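Note that the chains take the letters A, B, C and D in the order they are written out, and that residue 1 is the start of every chain.
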Amino acid sequence: MKRYLLTAIGIGITGAYLFPLYWMYATALKDDAEIVQYPPTLVPQRPFWNVGEVFFGRHMPSYLWNSLVVAVGVTALVIVLGTGCAYVLGRARGRWVDALLFFVLMMQVLPSSLVVTPLFVGFNLAGLLGTPRLAVILAQTAKALPFYVVICRASFAGVPRDLEEAALVDGHSRLAAFFHIAVPLARNGILVAAVLVFLQSFGEYVFARSMISDDGLQTATVGLSAFLGPNTSDWHGIMTYSAIYVTPILIIFVLLQRRIVAGLTAGAIK
Amino acid sequence: MKISGQTSRPGRIAVSALPDPTASTMRLSVFDTFRDGRGLDALLVLLTLVYLIVFGLAPILYTVLMSLQQVDMFTLGDFSRPFVGFANYVDVLTRPEAGMVARHTLVFVALSVACQLVLGFALALFFQQDFPGAGIMRGLFLAAWIMPGLVVGGIWRWMLAGDNGVVNSLLAVTHLHPTKIFWMSDPATSLYAVTIANIWLGIPFNMLLLSVGLAAIPKDLYEAAQLDGAGPVERFRSITLPMMRATLGALVSLSVIFTLQQFDLFAGMTQGGPSNSSNVAQFWSWQLSFQTYDIAGGSTIAVLMIAVVIGVATLYVRSTRHEQIG
Amino acid sequence: MMKTTALAAVALLGVCGSSLRAEPLTLDFWSVDQDGQYAYGMAKAYEAAHPDIKVNVRRVQFPDMVNDLARAAMTGNVPDISYVDNPDVALLASRGALSDLTGMIAADKTIDMESFYPGPRGAASVNGKVYAVPRGANTLALFYNADMFKAHGLDPDHPPQTWDEFYAAAKTLTDPAKNVYGLAFSAANSEEGTFQFLPWVQMAGGNYDHINTPGAVEALQFWQKLIDEKVASPDTLVRGQYDSTGTFNAGNAAMVVSGPWELPRMSRDAKFDWRVALLPVKTAGGPRASALGEGTNVIPTKAKHPKEAFAMISFMNARMPTVWNDFGFLPASKVDVPDPKWPAAYKVFATALEDAKVRGPSPDWVKISKPIQTAVQAALTHQTDAKTALDTAQAQIDRVLKK
Amino acid sequence: MQITLDGLQKHYGTYHALKSIDLAVPAGQFVALVGPSGCGKSTLLRTIAGLEAISAGTLRIAGEDVTRRPPRQRDVAMVFQSYALYPHMTVAENMGYALKLRRLNRTDIARRTQVAAATLGLEALLGRYPRELSGGQRQRVAMGRAIVRDPKVFLFDEPLSNLDAALRVHMRGELRDLHDRLAATSVYVTHDQIEAMTMADHVVVMRAGRIEQQGRPLDLYDRPASRFVAGFIGSPAMNILPGTVDPSGRAARLDGAEGPLLSLPMLLEPGRPVLLGLRPEHLRLSQEGGARFDGVVDHIESTGSTTFVKLKVASQAMVMTLARRLDVTLGDPMQIGFDPADLHIFDRESEASLVTQRDAPPRAGRA
């Protein structure tokens, strides 16, 4: 009986926590008059839903595609660059590892809004602004890489060293043992870190905003910011756009959550 | 580098019946170093390191450089800029809002990190219990984490609106606070409005990491403590907290860094106002750079922030020493 | 008739000029407009008149425009034409980001700088050289809900004329039970805050460079009173003009200080009898003032097609009489607007424009504007009193102006 | 020689883990490395495997210098203390993995896996994952993974330490049988001297990065070269008590108040400080004759077959084991006797044996 009481309390807490999410959907379904009504109606009285108008009127397919390109690019690059480093840092111990970890963390210090200026200057010199989505991928990778390394590092630390040594004795080179033993055994942690990097990058705003000038290559968050400008507080539009933007991620996340939570609770992060 | 034909790969020597006189002094070839030796470690680390130096460290160094120069939006691409020494630091630190911004940053970070930690810990402990749906609900909490900051800022600005926000309405209906609170336009509350949104945003991450840490504590420790007569509070104090030390250290450091990076919420909710009452270092830096085009001033604040974060990172690295390698 | 001919001549000129080229030419046009607004409308019209030219309009967020132009100047990837807000022209021109148009305008028969109102003209030129062509103008006036006036026993035909009347009316119209404020305006922590505040200072005897005169202090104290007595929402400090006007349209405010750009939305959303009046003056017979808004069209220094760009600017200037009806802002020059929409409102705004003063011009405008916003917000939230707040601002402004 | 170590050294930064190790293991021999934790025995094993780089010296396996070769080029198999079974592979995959890496074809792998599984009685478990096995089964799989390869050398790193006592005793025998059947060369690390004594042909006792003594198990038992080896080999440990050579040179007196006189099997210079060693199992009750001294019963334990008596002799503690029951109570005086030939004598300073000088084993360590 106590267990069901806990479930009830749990539902209450979860409901309260997710209220902002609900409010996003509720506002998306209200018309302009109902939105400004006070006291606000908790349930939309005259629900209407203009997904189509916002979706196509705001060029969302193109924006979402670009966001996807950026997010996939960043995730791939981060995995390629960061997995090995996370492995080494998870295995080794000592002063230089501390120093490295410190350095890696330091690279995450500044908000994107502050690093974007020097990066812009550098990318301009390197001619990277001609391929703006690549420029955003490179910049965002630098931002996500430290986070990925820190998260993945712990899951590699959780793979018993013996297993790799057994693989060495069995005939693997260290490189092969890394790929065939360490990586598969740390895959839950890698998966989770990669998903988080993907989501972070999908929602990236500052770099895309500054480096992409062609609207056809622009990402979804920047598209959303057009609603949030000083002269356009179209709450219905903002919330509809947000809902369209968030819902697919939410569905994927709910479908994958068991796996993600399992990956994390299996000792992915320490 | 070319591997000469004579330096045959070690594997081949196996066929030869005669011992190779040079074998004992033979070194690993360059190729094998990367496959088998420390070279592999070096290579893997360098991959990340070089990338971070080029795309992470270089911009930071450039920021430091700019903080020592006279530079604005228009001289960004021009490298022959006059050096002004620490004039920018003097200028920034003597501005009337400097002290206020520093205080707000401290309050924002301390309050955010503390509340995220306490609420995250409470939720982690709650969902740690075995009841139907605990796993799914914990998963749903994480859903909030995936929301872009911009969207979250928009939603909270809308919910906390003074005249027709739903939060004021709920407070009135529940008689908790019958009069309207102008969350974002009252200097007494504006910083807290952003802090509330930030706490909301940070709870899932805290809860998740703490859940993981809790799951790693062996059950028999609790059982032993129970046999010793320790009550729930005592068990939490004497087992949970010490066992979570590494997790807590890592979590606090990461939270501080994430909180210092929080920019979207300020942009979306208060713009640092009214009259800087919710302005924090990272937003102020951005304002100087992009609203008044004073890149030097913005860079100076950024450099000061780095100095603070170095301290935090040291804390994190220390905390990882408590971990054990499996 | 004359204008049509001129228009045709310009069109013809453009065709001749560009028909020498084999391939169609693309002009990049940056603007803060949304679909259907000025830049898009003009682009469509220009493309129709010049089939060999394609105009590629890119939308830039209003607060980002100067940053984007500065960055573009750095990368060399500048547009051919760009919108620039009035007070920013001086900054961009002083940093060499804008082409000097003086010569081209002198050679061109259709643009006469003397025809512009003094405000827009002042904004477009720096040190006697012309860097921009005003594309239109707007200014502030008082919108009021005539239905509410009647309901509260006020005469909708006699809107408040002085600050005292204004305050009294706002007080009467405020009805917390119905969630109605007497007034809405914007004291936001942005250029909009400065834009809305300066006219009140100017009416009381002060300006951006004399922001701590007794009159300016009185103006700020007047604003304080409006917020303190909840005649206007405390959220005035975080709302832009668009949001403030939104509360008026929704019936949550009985009056709003705003500009002509709101007319299309208001006529769609406001389901009541709304009218427009000049801003009240401090005391009867006192000086009038209003803000000068809207912006200019410029050609960045490194533009690839400055000649073609100027031809298009000239084309747009020639269509000045249409901007009121098509885009909801006032002509920047003394032209006749045939058959204006919302004629009553047009008359009020056209009158207000005569007293509209440009902000600045100063290449450091943002560094002048920022302390003013901060001072206004500090006083409205009673972190300091009005006098101290403005003194602080004055000190910072002096530092900038002396440089 | 199947394995030859010449002057092998291992440094970890400033820490000198292995100090010039010389060792030769003939083909087919079962060598045990024993010593307390931190003595370098595991490090030595790992350098043979190639898991630790060798700082100086040479290592030959089957005559070939493999000092600088990675593990995969040494043809050694290793059984880890934790078993190190790949959790993402079935038992069959675990066992066949090394063969797969050698590009053997699938039928060969299956055949050899099958044979190895049959040897160890694992046929029924081939499809399972390691997490579905008991500790003993995992241990067998780890062994199977080694034998399936038919390597030049088997390396064991405390493979039985995670098993319960009964299973450990059983596996000891089984492992040794397996070694003989495969005619393998094995190096076996353990901290348990009983395992070393019962299984190995040749025991190497290590201490602080050096070989203290090596030889056949019973040689080490009978003629420990030092106090350290004497104390390490044998259970319960040898009683080692400080004493001084009597003026006669033919006996020594235990230090302490009125310590008894023990006759020596040889002549030593009078007054020399020595350590006297007597194994508990070599002590007996006095009426049986020979050298004797007095003690007081301090503590007594019996397993039924064996009785452990803890005595106080001249304020020093001593243990005696007897293969029969004893009816005494605490505080009873007792006369203890021993055969002088069983007395071990060590120099107090160097702790080196003074007895084994007569007939030291052929390859003593450098201690």
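Operating definition for what follows: a contact is a pair of C-beta atoms (placed from the backbone, for glycine too) under 8 Å apart; a residue touches a chain by one contact, two chains touch by 3 or more.
If you're wondering where the values come from, they're calculated on a predicted model, not measured in any experiment.
When C-beta pairs in contact are tallied for every pair of chains, the largest tally goes to A-B. Put simply, the chain nearest the middle, going by average C-alpha positions, is B. Computed centre separation for the pair subunit A/subunit D is 56 angstrom, with centres defined by C-alpha atoms.
Averaged C-alpha coordinates give centres for subunit A and subunit C that are 39 Å from one another.
Each chain gets one centre point, the mean of its Cα atoms, and the points for subunit A and subunit B are 14 Å apart.
Chain centres here are Cα averages; for subunit C and subunit D they lie 93 Å apart.
Contacts with at least two other chains are made by residues 35-37, 76-77, 163-164 of subunit B. Touching two or more other chains at once are residues 63-64, 71, 74-75, 179, 188, 190, 247, 252 of subunit C. Of all residues in subunit A, those that touch two or more other chains are 36, 38, 120-121, 124, 160, 173-174, 225. Partner subunit B is touched in their complex by these residues of subunit A: 3-4, 6-7, 9-11, 13-14, 17-18, 20-21, 23-24, 27, 36-40, 42, 80-82, 84-85, 87-93, 98, 100-115, 117-122, 124-125, 138-139, 141-142, 145-146, 149-150, 154, 157-161, 173-176, 178, 199, 202-203, 205-206, 221, 224-225, 228, 235, 238-239, 242, 245-246, 249-250, 253-254, 257-258, 260-261, 264-265, 267-270. Contact residues of subunit D toward subunit A in the complex are 46, 49-51, 70-72, 76-78, 80-88, 97-98, 101-102, 145, 149, 155. Looking at the complex, you find that subunit A touches subunit C at residues 32-33, 36, 38, 120-121, 124, 129, 209-210, 213-215, 225-226, 229-233. By the touch criterion given at the top, residues 34-37, 40-41, 43-45, 47-49, 51-52, 55-60, 62-63, 66, 76-77, 123, 126-127, 129-152, 154-156, 158-159, 163-166, 169, 172-173, 200, 203, 208-209, 211-213, 215-216, 246-247, 250, 253-254, 257, 260-264, 268, 282, 285-286, 289, 295, 298-299, 302, 305-306, 309-310, 313-314, 316-317, 320-321, 323, 325-326 of subunit B touch subunit A in their complex. Those residues of subunit A that touch subunit D in the complex are listed here as 160, 162-163, 165-174, 181, 184-185.
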